[in-house]
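Please read through the structure below; I'll follow up with questions.
Labels A, B, C and D are assigned to the chains in the order they are written; within every chain, residues are numbered from 1.
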Amino acid sequence: MNTLQGYCNYRVPYADSDQMGFVYYGRYLTYFERARNELLRALNFTYKDMEARGLGLPVIEAHVNYHQPACYDDELRISAELSWLKLVRMQVFCQVWRGQDLLADGYTIHAVMNLQSKKATRLPKDLEKLFRLHLESSTSPETAHCAPGKEV
Amino acid sequence: MNTLQGYCNYRVPYADSDQMGFVYYGRYLTYFERARNELLRALNFTYKDMEARGLGLPVIEAHVNYHQPACYDDELRISAELSWLKLVRMQVFCQVWRGQDLLADGYTIHAVMNLQSKKATRLPKDLEKLFRLHLESSTSPETAHCAPGKEV
Amino acid sequence: MNTLQGYCNYRVPYADSDQMGFVYYGRYLTYFERARNELLRALNFTYKDMEARGLGLPVIEAHVNYHQPACYDDELRISAELSWLKLVRMQVFCQVWRGQDLLADGYTIHAVMNLQSKKATRLPKDLEKLFRLHLESSTSPETAHCAPGKEV
Amino acid sequence: MNTLQGYCNYRVPYADSDQMGFVYYGRYLTYFERARNELLRALNFTYKDMEARGLGLPVIEAHVNYHQPACYDDELRISAELSWLKLVRMQVFCQVWRGQDLLADGYTIHAVMNLQSKKATRLPKDLEKLFRLHLESSTSPETAHCAPGKEV
């Protein structure tokens, strides 16, 4: 069974709209973050725990494809799943859905950082194991991506 | 001469607009912050210096009056001046102008906080003196407010 | 029975935090907006419906009291209720809770605006009736405010 | 002479910082927007003019590479230049500099949209000509990118 996906529901506030009547393109990176937070929580872990251990996951690359505009008061479903994991890097793939419509997708690549020294570091063994276990138990991305809003 | 006013110019990005075609009401609190930063800088001091000394000025009360909407691509002028100073509190009065039009005004009240302990503390003597000197040298608020965009 | 309160739950994203480790003070105005949206929805109406009828409720005054800081990953509960209603104005009172702790409260005052002409207008009779009915059926504010997170 | 680059200076407010002490990764898309606005203005045109003609340039793809973190109170210089132009699409390349340090770069791809119908449309001849003229007069990207903050 695949528990690798984190997701959350999100109601679009007026604050996220712009004068084109769409959600401003920069807000999607916060949407992605919300789903990443839930991805860690789905692993019985939180990013807050991670910080408490002196580790951070700053974003070193971000990409968004905008397929259809999200709008004010839409109820969105945002998902995140781990794409790959290396010693000091990982990629998370995210999607933003409104019902059966995929509005946007993209990814973020994260470095592992020591919060004290602000230097790159290796993921601790226990976290690496946790992440890797889930990566391996994951269904193929193709399958996973077909199932918006399905609690897989 | 009154050097108590901080101000900055600010071009409104699309990001600040909402689908009513106006600047979203919450953004003005960031506008106020920008002018407050310049107020400290006008005193040959910065909020960054303050943090380096272990002190913060968290907002404990904020008020905004919206007179006319700001819009995308407007060139705004935002000003901030100290209204009063107590042992552990201070109030800053802010205004947002577009040319001769006052679009919004309001204030923030700040506590002085020890960043380590996150507890309220007294403003150090040297800073209190600096702020108080400027408060006293200030022209009356009435006069100051009549002079948008004038480098006083 | 009082159905006058709108509320929503909200998980604080990293995007809302600032380098003091608290939620940035300007974000609370978006929090208030989220609860206001739910207040209208609780009246079987939405702000989106209102816009479809050519009406808007721009904010003309906003006030926030910050009691305790909200932090990253906190699960907040935000509530909104109508304080008073006049021909062309209304006030909404909002609160931000984390469990039993009141983190912030405040209010917004709204004008009723014709979206086409961008001029002030009167609230249509049916909406005024709807709002007034709920105002009158409301328990006293004192009582209501004692019940954070209680679905009244 | 190449006037194809738009740029602006930007002082980072506290609002843009997050609790890692860095500028939150999503804000860079607003930074890119600010420079894009100036790119159009450098062509004696504004995005506001474009909207007045019923045209919009919604983003359909965005990419950011984060090289070094920007921080609160940093004075940034943000640049934008046209990478390519097709009948209904264009790409803009952006960079964020602090002094001689390139903090981030990336691009956005835009569709040309009829604001009324919300459908893709062709860029009007006069605008296409304006953009193309500047593309052709542009120095090679390699040269341009070496010149942060230089008014080329």
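The rule is simple: a contact is a pair of C-beta atoms (placed from the backbone, for glycine too) under 8 Å apart; a residue touches a chain by one contact, two chains touch by 3 or more.
Just so it is clear, the structure is predicted and the values come from calculations on it, not from any experiment.
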Q) What's the chain with its C-alpha centre farthest out from chain A? A) B
Q: Would you mind telling me which chain pair, A-C or C-D, is linked by more contacting C-beta pairs?
A: A-C
Q.
On a C-alpha centroid basis, what's the spacing between chain B and chain C, in Å?
A. 26
Q.
Taking the mean of the C-alpha atoms as each chain's centre, how many Å separate chain A from chain C?
A. 29
Q: List the centre-to-centre spacing of chain C and chain D in whole Å, with centres computed as mean CA coordinates.
A: 36
Q) What residues in chain A touch two or more of the other chains? A) 14-15, 19-20, 26, 29-30, 33, 72
Q: Name, in rising order, each residue of chain C that touches chain A in their complex.
A: 8, 11, 13-15, 29-30, 33-34, 37, 46-48, 72-73
Q: Write out the stretch or stretches of chain C touching chain B in their complex.
A: 19-20, 22, 25-30, 33, 56, 58-66, 69, 108, 115
Q | Contact set on chain A toward chain B in their complex | A | 14-15, 17-21, 24, 26, 72
